[in-house]
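You will see chain A twice below: alongside chain B first, and alongside chain C after that.
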Partner chain A sequence: MVALPALAQRRLARTELRQAGEGYSFALPFLLPFLVFTILPLAFGVLVSFTNWSIIGAPQWVGLHNYISALSNPLVRQAFLNTLRYVVLVVPVVTLLGLVFALYVNQRWPGHLFARVSFYASNVVSAPVIGLVWVWMLDAQFGIINHYLHTSIPWLTSTNWSWIGVSIATVWWDTGLIFVLFLAGLQEINGEILEAAKIDGAGPWRSLRRIVLPLLRRTFVLAITLEMISTFQIFSQVNVMTAGGPANSSASAMQYLYSAGIGQLQLGYASAIGVMLFVLTVIGTMIFRLLFRDKRW
Partner chain B sequence: MAKNSLRTRARPRRRVPAGLIVGTVCLGLAAGACSSTPAATQTSHGNTVLTMWSTLSASDAQTWAKMIANFNQANNDKGLHMQIKMTTIANNYTTKLTAAVATGNAPNFGWGTAGQEALWAKQGVIIPLNKLAVQAGFNLSDFNPASLKDAEYPAIGGNNFYLLPMDSSSFAMEINVAEAKAAGLNPADPPKNGPEFIKWLQALTVRKNGQITRSGLVSDTTGLATTYWGIVAAQYGFQRVSPDLKTACINRQAGITAMNWLLSLFDKYKVISRNISAPYTTFDTGAGAIMWEGPWTILGNIQAKLNWESAPLPTIGTQPATFFEDDGLEVYKQANQASYLTTMKAIKWLSDHSFLWTTGGRGVSPRKSILNMPNYMTAGFAPKYRQAFITSMSFADVASVPTLSTADFEYYSLGTFAVNEVSAVLEHKLSPTAFMTAVCTKWQSDLNTDSSQG
Partner chain C sequence: MVRVLPGRRRRRLAWFPGWLIGMLAAILWAAPFLWMLSTSFKPTAQILTNNIHWLPQTFVLDNYRFVFRGPVSRWMLNSLITSFLGTLLGVMVGALAGYALARIQFRGRNAVFGLILASIMIPANLAVVPLYIAFLKIGLVNSYAAITLPLVANAVSVYIFRQFFLGLPDELEDAARIDGAGRWQMFIHVALPLARGPITASTIILFTANWNNYLWPLLITFSQNMYTLPVGVAQYSSASGNYTQINIYGPSMAAATLLCIPSLAIFLALQRYFIEGVARAGVKG
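Coming up: the complex of A and B.
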């Protein structure tokens, strides 16, 4: 390595600084709003979680009182437990359905063009609308689900079934996005690999297990991570379909946060629940990423 | 590698980073887009313009819109020389209003429910109206004293009322007349006590393959069921709190008895289906024969072309009682306090002309002068719909608890503490005795906390 003269070094440093500045200024239109509308409110929320505040008047510092109060509240524990139940049920089902739909469309089986649109269509509708429609579909008396299943399951009025009813609506809503992710992943797979496998005598099922699914590993990780984050924050469907009832059996952490923060103006308490949910979400996704991290040989 | 390749490229000496320009323009646009919010009280063409936020969104909203239109017509460059600009707030009213007050942009007045806003009264979001009412020309002796009392918050001291009552709405019994007649019952002679009520429900309930296809009594397992329990508990002598708001649960056994009664309707007599998620639709479609509800359902039932009538609630317990709420208009904190009297004068006009509201909109008038008008009982909705809601006011005493933790005591709501506990009992996850212990412990804790903060 040739050592540059001091003047050249200074010129290089200035050039690099200017180029870095140019880069940051290109990023500024995103960075500034992100800072103002995401990072600062996040930090403010963490700060508020240590106070007692209901918008009017100054916040009063209460330390860890909100966290202790939340952790000792059985309703909060129930809400977090329900949230974990939603994650355990919804994430695998959405992932599996999204993959199956993507395989169907990718294989260009009959009706694949219509399927491509219809599989994704549910995702463009807003969650409250989804909730309202499914309230009627799952109605024990008038709902078409019970009508065609010839049952009278109290999907939304029973403590045993309410969270399952909400999960069904959530799966229907979320599958569209995961389907798109898997479809993109499948279309990135080089067709020559599959042709070569076919020449070597591999059947469709073997190709799927040995070639397609391993190549979709990163798509799996992305899809499951996104779905986990989304399901941890489940709110609209719960609020519209059951309002957390009956008897808190379907309440999620976000829905409880909403009722405490917005409904009862306990912003400090609600912020504490929000921080706890954030930590749970981060831990959950980190555990998943650690379990499925790429192995380097 | 990247640095080396950059060093070899020719670069212009001066260049304003395009990103900086874009960023600055974006910020400038954003700043320019923010306009100052106009003050609540304005003037326009010689009229004072007041702003009102309304939470009404169902059938009673139509009647209230007429009230505002009548006001604006009567006072446009004449009379009070005022106009009211009304905005409907569909949801999150509490948060929006509080934020508006905090930022100095609150409307002049809006709808409220007596007894549910102790925190707002304490924070100064709503202002006391005693003196203003007198200055505006109100004759307070014309009001039902109980209605004015309901609008006070003794927990924060003083004898001020914070809401000008516009209507009192009680629960009454709504009966599907066609189904009653088909069951051999006489709607003109409704049930008046517990045993008669059970007989009616048993006659009206229809089952198929062991499943209830028509409930004798329409109920959910949340807010409506909780209100039923609360009414019957009061009929047995239960009180959620003592009059001085210091002791919770007066006569607990009455609460347990009422809960056992409610459970019996589901489990023993099987006259209520547990699968009702839409009570109003269930009643309006005839899938339920009787419902206990408030007068805000009148127009909806009529629009559903239901053949129905109202009747006073039966006395299940030892004394008549029913749920009710006093709704009215409250004045919000303003930077310009001179606007309060102007606002109160507008409220007085609306109150003086509330015959339309309490005959064709909702509830019973709290003003004797209006109640005594010769055609009050026959105007608006037909007497067979309205009458029972009027007469029920004479024994209506189950209302909101005017304390800082009022939400925990609420019956006719969703997701509140009391409602969640009642749901647990109806799902057999809690016994009636354990339920009373849980609610009473919580309510007493709330009263103790509120007392220390008052």
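Coming up: the complex of A and C.
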């Protein structure tokens, strides 16, 4: 390798400097709000969780006090358990429905465009729409769900059912996104592989299990990860539908953080709950990824 | 194309039961919207009844009149202004950053892009408490700027632009460079005019993110006349809202209809971009 002459080296260094200047000046209008509103708050939140910040008065360092008082509060423990309950119920149902809907639409049978619009539409509307519509449909006395099921289940007003009522609305809201992810994953599969399998005598179920599902592995990981993250943070529909009630039975961690932490301006305490939820979310998704990595199917 | 079930040629009607079940599911999935719309035009007597009719027996506008007696038009205005501002700023900064990350070789580029990608996996709600404290401290509350600013830097939008600009052939810019054009001119005159697809996709993503946002405006607006439409409409919830009365369902369905019209209209008009944009960002992200 021949060493570059000094002049050329200097020119190279100058080009590099110029490109760094250009690169960062183009990226700055994004990077500035990105750092200030997304990255820094996460670090700041961890700091605040060790203080007794409450807007009025100067914050004091209180060590682990917020964490200890949160963990020793039965309402917080219940909110976290409820959150896990939502994750365990909602994530598998949404994943399965999203997959089945995508397999269906991907057949391109007559009406598949209508089905595609219908399966995705509920994902584009705002949380209060989801909440209000399902509060009405799940009404114990006049709701259409009880009418068609010939039941009178107090979906949102009993401590046994409230989290199920909220979960139903959540499934309706979230499935569209997972459906679209699976649909995109299916469309990337090379049709020739399936043709070859068919010629070799593989029936539809066999090629689904042996070819399609394994090829959708990355989509599965992505879809389940995204759905887990979003369900760990479940808030809006809870707040609109039940505000966590009755008797805390449908409260999620975010809902508790909002009503007890921010509502009463115990911001250090709220931050501690936020950090715990973050850790739980990370642990949850990591466990899932580890399980999925070893699995062969 | 994947066709899992037997082809039409082999067994003519084998696909029919599957098709039927799927169609019923699709209709069922859309039914809550129809029920919402229908309820919003019904008089109270036809709402609080066990006599189910999918179409209103008498068609009334009372529920909408009730809703418009409140500050709902002000909330719509607030939502339109903040969503418009947030989308405009978001698309601009996203296009610039996406361009830099795709077409300018600079030190630290991969680290910056990695950080942006990783942030998609960070739950946004966890930044809410510290952001709230910071905004309270500097007194930036109850204003359009306070509602909009945290949503400007949208990682998915940067991702969409970067993927698009990566695919542009170098020759296009080389010609401009030989003519003496600087980076800025190449971006404005060469790259951006070609980027209609990613501009549409990120406009849709940013607009719906802004229009639908609920938790942040709920925290940062303190007076009714600064509420955005989702925060205002949620007031019709019997659990957490302020309008508590016996028959809230008519007005609440009217309010919900008003809130979902813009998102659904944009979705129906541009659904190809919607689905492709979301899918592209998701699958390859």
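FYI, the second predicted complex is superposed on the first by the 263 of 297 C-alpha atoms of A that agree within 3 Å, B and C clash if a C-alpha of one lies under 4 Å from a C-alpha of the other, contacts with A are read in each partner's own complex, and residues count from 1 in each chain.
In this section, a residue touches a chain if its C-beta (ideal position, glycine included) is under 8 Å from a C-beta of that chain, and two chains touch if they have at least 3 such contacts.
All figures in this text were calculated on a predicted structure; none of them were measured in a lab.
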Next item on the list: Using the touch definition from the top, say if A:41 reaches chain B (first), chain C (second), both or neither.
Entry: second
Margin query: Looking at A:132, would you say it contacts chain B, chain C, both, or neither? Reply first, second, both or neither.
Written below: second
Margin query: Between chain B and chain C, which one contacts more residues of chain A in the superposed model?
Written below: C
Margin query: In the overlaid three-chain picture, which partner chain does A:262 touch, first (chain B) or second (chain C), both, or neither?
Written below: both
Notebook entry, point to check: Between chain B (first) and chain C (second), which does A:55 come into contact with in this model arrangement: first, second, both, or neither?
Noted result: both
Check: Once the shared chain is lined up, is A:158 touching chain B (first), chain C (second), both, or neither of them?
Finding: first
Check: In the superposed arrangement, does A:22 touch chain B (first), chain C (second), both or neither?
Finding: both
Next item on the list: Answer with first, second, both or neither: which of chain B and chain C does A:70 touch in the superposed model?
Entry: neither
Next item on the list: Have a look at where A:247 lands relative to chain B and chain C in the superposition and call it first, second, both or neither.
Entry: first
Check: Once the shared chain is lined up, is A:94 touching chain B (first), chain C (second), both, or neither of them?
Finding: neither
Checklist line | Set intersection of chain A contacts, chain C complex versus chain B complex | finding: 16, 19, 22, 24, 26-27, 29, 33, 55, 135, 139, 141-142, 156, 243, 245, 262
Item checked: Complex interface listing, chain B residues touching chain A -> 3, 6-7, 11, 15, 17-20, 22-23, 26-27, 92, 94-95, 98-99, 101-102, 119, 123-125, 211, 220-222, 273-278, 281-282, 287, 407, 414-415, 419-421, 423-424, 426-427, 429
Note to self: Under the stated contact criterion, what part of chain C meets chain A in this complex?
What the structure shows: 1-6, 15, 18-19, 22-23, 25-27, 29-30, 32-33, 35-36, 39, 47-50, 52, 92-94, 96-97, 99-101, 104-109, 112, 115-116, 119, 121-134, 136, 149-150, 152-153, 155, 158, 183, 187, 208, 211-215, 219, 229-231, 233-234, 236-240, 249, 252-253, 255-256, 259-260, 263-264, 266-268, 271, 274-276, 278-280, 282-283, 285
Note to self: List the residues on chain A that touch chain B in their complex, please.
What the structure shows: 12, 15-16, 19, 21-22, 24-29, 32-33, 54-57, 75, 135, 139-142, 152, 154, 156-159, 243-249, 251, 259, 262-265
Check: Can you list the residues on chain A that touch chain C in the complex?
Finding: 16, 19-20, 22-24, 26-27, 29-31, 33-34, 37-42, 44-45, 48, 53, 55, 101, 103-111, 114-122, 124-129, 131-137, 139, 141-142, 144, 147, 156, 172, 177, 180-181, 183-189, 191, 194, 204, 207-208, 212, 218-219, 222, 225-226, 229-230, 232-233, 235-236, 239-243, 245, 254, 257-258, 261-262, 267, 270-271, 274-275, 277-278, 281
